[in-house]
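Two complexes come next, and they have one chain in common, chain A, joined by chain B in the first and chain C in the second.
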Partner chain A sequence: MTGGWRIFGMLAPLLLVLAGLFGLGLGLTLMRSLRYLPAIGLTEPDLAAYRAVLTAPRFLASVVWSLWIAGASSGISALLSLGTALLLRHGFAGRGLLLALIELGLAVPHVVGALGILYLFSQSGSFARLAFGAGLIDQPAAFPALTHDPYAIGIILLYVWKEMPFMTLVLLARLKRIGPGHEAVARSLGATPWQAFAQVLLPMLLPSLLVATALVFAFAFGAYEVPLLLGPHAPEAVSVVAWKHHTDVDLSARPEAMAMAVLVFVIAGAVLALGARLVWRLGGFSR
Partner chain B sequence: MPLLILGIWSVAHGWRFPALVPGEVSFAAWSYVLSSASGVGASLGLTLSIAVATAVIATVISYPAGRALGRHRFPGRFAVLVLVLAPAVLPALAVALGLQGLFLRLGLTGTVSGVVLAHLIPALPYPTLVMTAAFAAFEPEFEHQARSLGARPLQVLAHVTLPAVAPALRVGAALAFLVSWSQYLLTLGIGAGKVQTLPLVLFTFATSGRNDLTGAVSLVHLLPALLVVGFTLALRMFHRVGGGRWSVPGVGG
Partner chain C sequence: MLRVLIALCLLTVPARADGVAALYEGTHSWAEIEAEARGGTVNWFMWGGSDSINRYVSDHLATILKRDHEITLNRIGVTDAAEVVNLVLSEKEAGITSGGAVDLVWINGENFRSMRQADLALCGYTGLLPNAALVDWENPSISNDFGVPVDGCEVPWNTVQFAFAYDKAVLSEPPRSMAELLDWIKANPGRFTYPAPPDFTGSAFVRHVFIYAAGGPETLLGPFDQSKFEAVAAKTWAILNDLEPFLWRGGQTYPTGVVQLNELFANGEVAFTFNYDPAQFGLAVDAGIYPSTTRSFGLMDGTLGNTNYTLIPFNATNKAAAMVLQNLLLAPEEQFEKAKPEVWGAAPAIAIDRLSPEFQADFAALAAHPSVIAASALAPHALPELQADWLTAIEAGWREDVGR
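Let's turn to the complex of A and B:
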């Protein structure tokens, strides 16, 4: 048996980097958010920054908006990826190529995808021009605002475009593991195709689906570049508001920025913890 | 696909609403972007070296970590796994802000090494998880048999272990590369505007209103990522078709 110290040694570099950088960074943010800054004489931690942040309508509006983006993106992606995975489940000519293309698509940086969406769907973008050509609109402003709009349609579109393939791959891998055996048994016992799906397959897929959805949700909630590029002037995504506060000339805004960052972290963490709890309730991942 | 439109924009000249296709095709945008005046080339090199450095360091760290996590059931394993997963799934903003203060004190802000260190945080989880899975699936028997046949530990490593986990190492490295390649906020925060990686440069162009330049730079930003993933995919398919070693020679089936 390998000694405990040997294991620790193997893990040490990882722990050093992650616990060190991640933990220290986080700890510092937390301290600053509590207005604990010995450097400028603040030695009494307090919740003033949190109070200010939680009562600011701008921040609260951002939270709601970001939650909307995250929820819509992850929800739509989940549904689409479920349907797609079920469709692609069985082998067909060109399936390997399609899967390879999907994996290749995962390499596209979010900013690049966002710019593409912008040039296609903005009011002066390609689709607007198509509409003009078809005589449906007579000027750019007449085209529905799909980017820089308060419903974040462009942003949601990008996230779905980017994350749906990822979720499809996850589900396909899971479907492969599950295999067709269970449904076949159900069918042989007299279940209809719908029953075989809803009562046999779906419960087995749900943990993976939930985990993937939670991951996409947490990511979309805390993202920065995409909302900055495709979002309207107001409301702004939480990360954008926090960063703006952080780079404010007024240094007293710093603790508020830290508080916002901590809250974003906590909310995302809560979503993931909820997802994990649900998965655990559902019985976890059966081999 | 959105990518196509970026390509079209990069060669468009004076393409205004409501024209469906650019009236003029010009490569002026590309020649500017590829010239040294635009700074894109320098940024490309910088971003590449940072991403490669991140990938290498992350892969090297993930090997022993994955081995420990994949093979041994030790107390605290779950906690470590959660710690490993956390930076990948939780927003980096909270860490970035505090890290900035820490790095400021250490003199690491505005430096490339500071940025690489920062990139390691979101990059490490992926290769570690991949290596954990790889080692969990790797039969220790192979190593034991090789040792019992008289092989030295270094030989075992080179001829038994490494070839077996090589695909996972490649995937892990590719993932770490991609994470570093697309980083924006972390680079902005730690680099303090001095470390101009491609995502930052791209952003500047994107907000400049010059769609042709932006289109070109986006494709420059896109290409290496596609190449890295494409390369990994191709290697995987090559191995599957029977070119590589999937069975350890000498060990009975």
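Let's turn to the complex of A and C:
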């Protein structure tokens, strides 16, 4: 068992931080979600907060809207990053520059990116002013609503711009590991380029792609600052609703905020677990 | 896994609350408090959304505190006083009954009520401040914070009255009453909006419509009355729902906060903005954010006026230094300094008639910023604030019936 203990020993610092900081925080949140808040006189744990949250139409609408944002962002990012990774596989003039431009997004914080989207795409933003200058629109309201809109276009745009580089890098690393050998063999055996891609390369890429998509989905589902800056006032992302309950002047709304946080954790955790299960079913990272 | 979670939960046993308002039980003479505060620090948590206010506190006040009392002033900016309420509440739950992070907080209204609800405020010491004699504590709009008695738990800093702003270059004559405003909005679709409650300013605008629907504030003063509320609320939601198609974006979405509304106004997407503190319009014009032709106005029906305060939490580390700062904030020199339009333009919380003739002349001679309507012009049409229970009911009702 020395091998096992050695691995445990090496992981111990990370586990301490995770269990200590994150676990304690989760424990506190769980406790408060069960309505245990002695500071305002609540000493009997019960599930009233969960009942209130799960039966509120506002919360369910927020969950659906957050699922839409997360699903659309991760789905579009996955498709774009797959195409980009395949494109950047082979060297060509300007590859380095293109790669640098794509990776630029990784260094920019989400909040800054969201402000950038506002500056560019809002109805009084740069593109609207260009359109006005070109005579295409005559007032701000004539420019399409891409921010603070019910389809979350601005939010999805930002998440795709931010998460696509991350997924591209993951896929590029995987492609490098796979190497061109498998496709070459398939082509030499008579496969068309499409068959070589769809039936040989894609199944090998799928585990990495699924893991990256699940990570992006879980992140975008629970994210707070971008929907706050770019979203409409209703429906709101789940985290924004939770934060509003947390800062409500009525202190007894705090347990509901905690219950929402726990539910976000559960849903995001379920998505990650589903992704892991799918990867395991597909044979894992066998090469 | 479940056992691990439960074990982790048990690691976080919170302190018991004692359920009694924290009364100040320290030294009882001002000289002793000043001596205790000398050489100390004050951590002041306040709304950080205005560069001018931040400059007044961090540059001007900090210099004076350092020079006269050797106290270091740390200004910590927050988006909403509710964050500070959460901070002190968390400290109380964790058993931190002394040495807390917050020494002073700029607060009023619903957040003050939250702090009292959880016994987070230090009370009973305000009589010790020498400059407290300049405050007219008999004035109900000072001794009551949104209907909640102050009870010696907070010290006033500014009085404000709600006002609207418009661009004179775009609109020559603004509507002068709520009825005229509602008609203007219907005649000019897409040119008006208001932040969705529970934003502080958006909530205030909805309260103006609520008071207009009730025909005046008289029947709404006093404790919350469910039947009265429902009768007036039905009319209010009908007015606001009728208005919705004529708002910005067709009422599909509302700005999430006053900052977003200010941006829409600055960009010319909407024709009006509004604020509890009309001095903000002048500051924005000086900063080049609003056009120089911005002008402000009140409504003939009246606009809401209230006081804002500073409060010391029960577990503050530097209570004496915070009291010295509160006393300084009430000083005639400081109330006059912040009343200057180029500094802030905030209306004083002290009674001008209790000041020396020189100061009274100074206040009278203050030149108002052209974009800021004078407090004296708004004061004849002042509406009192409703008690906090009305506010929460109105905000919740708006979310259900208007905000979808």
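The working rule: the second predicted complex is superposed on the first by the 256 of 287 C-alpha atoms of A that agree within 3 Å, B and C clash if a C-alpha of one lies under 4 Å from a C-alpha of the other, contacts with A are read in each partner's own complex, and residues count from 1 in each chain.
The rule is short, and it goes like this: contacts are C-beta pairs under 8 Å (C-beta built on N, C-alpha and C of every residue); 3 or more make two chains touch, one makes a residue touch a chain.
Fair warning: this is a prediction, and the values are worked out from it, not measured in the lab.
J.: Return first, second, both or neither, reflecting whether A:Leu24 touches chain B, chain C, both chains, or no partner chain.
T.: Touch status of A:Leu24: both partners.
J.: Just chain B (first), just chain C (second), both, or neither: which does A:Pro232 touch?
T.: Only chain C; A:Pro232 stays clear of chain B.
J.: If we overlay the two complexes on their shared chain A, which of chain B and chain C does A:Leu136 touch? Say first, second, both or neither.
T.: It touches nothing on chain B or chain C.
J.: Touch check for A:His148: first (chain B), second (chain C), both, or neither?
T.: Second partner only.
J.: Looking at chain A, which partner touches more of its residues: chain C or chain B?
T.: Touched residues of chain A are more numerous for B.
J.: Examine A:Leu251 and indicate which partner it touches, taking first as chain B and second as chain C; both and neither are also allowed.
T.: second
J.: Just checking: does A:Val64 make contact with chain B only, chain C only, both, or neither of them? Give me first, second, both or neither.
T.: neither
J.: Quick check on the superposed pair: does A:Leu47 touch chain B, chain C, both, or neither? Answer first, second, both or neither.
T.: After superposing on A, A:Leu47 lies clear of both chain B and chain C.
J.: Examine A:Ala173 and indicate which partner it touches, taking first as chain B and second as chain C; both and neither are also allowed.
T.: neither
J.: Which partner does A:Leu87 reach: the first (chain B), the second (chain C), both, or neither?
T.: neither
J.: Indicate the residue numbers of chain A shared between its chain B interface and its chain C interface, in ascending order.
T.: 19, 24, 26-28, 30-31, 124, 140, 246.
J.: Where on chain A is chain C touching in the complex?
T.: Listed in rising order, the residues of chain A that touch chain C are 19, 23-24, 26-28, 30-31, 37-41, 58, 123-124, 140-141, 145, 148-150, 228, 231-234, 244, 246-251.
J.: Quick check: in the complex, which residue numbers of chain B touch chain A?
T.: 1-3, 5-6, 9, 17-20, 60-62, 64-65, 67-69, 72, 74, 80, 83-84, 86-87, 89-99, 101-102, 117-118, 120-121, 124, 128, 178, 181-182, 184-185, 199, 202-203, 206, 211, 214-215, 218, 221-222, 225-226, 228-230, 233, 237
J.: Could you list, by residue number, the parts of chain C that touch chain A in their complex?
T.: Those in contact with chain A are residues 4-5, 8-9, 11-12, 14-17, 19, 80, 82-83, 85-86, 89, 92-93, 110-111, 113-114, 117-118, 190, 196, 198, 248-249, 252-256, 264, 267-269, 388, 391-392, 399, 403-404.
J.: What residues of chain A sit close enough to touch chain B in their complex?
T.: Result: residues 2, 4, 7, 9-11, 13-15, 17-19, 21-22, 24-32, 100, 103-104, 106-113, 115-117, 119-120, 124, 126, 128-130, 132-133, 140, 161, 215, 218-219, 221-225, 229, 239, 242-243, 246, 257-258, 261-262, 264-265, 268-269, 272 of chain A touch chain B.
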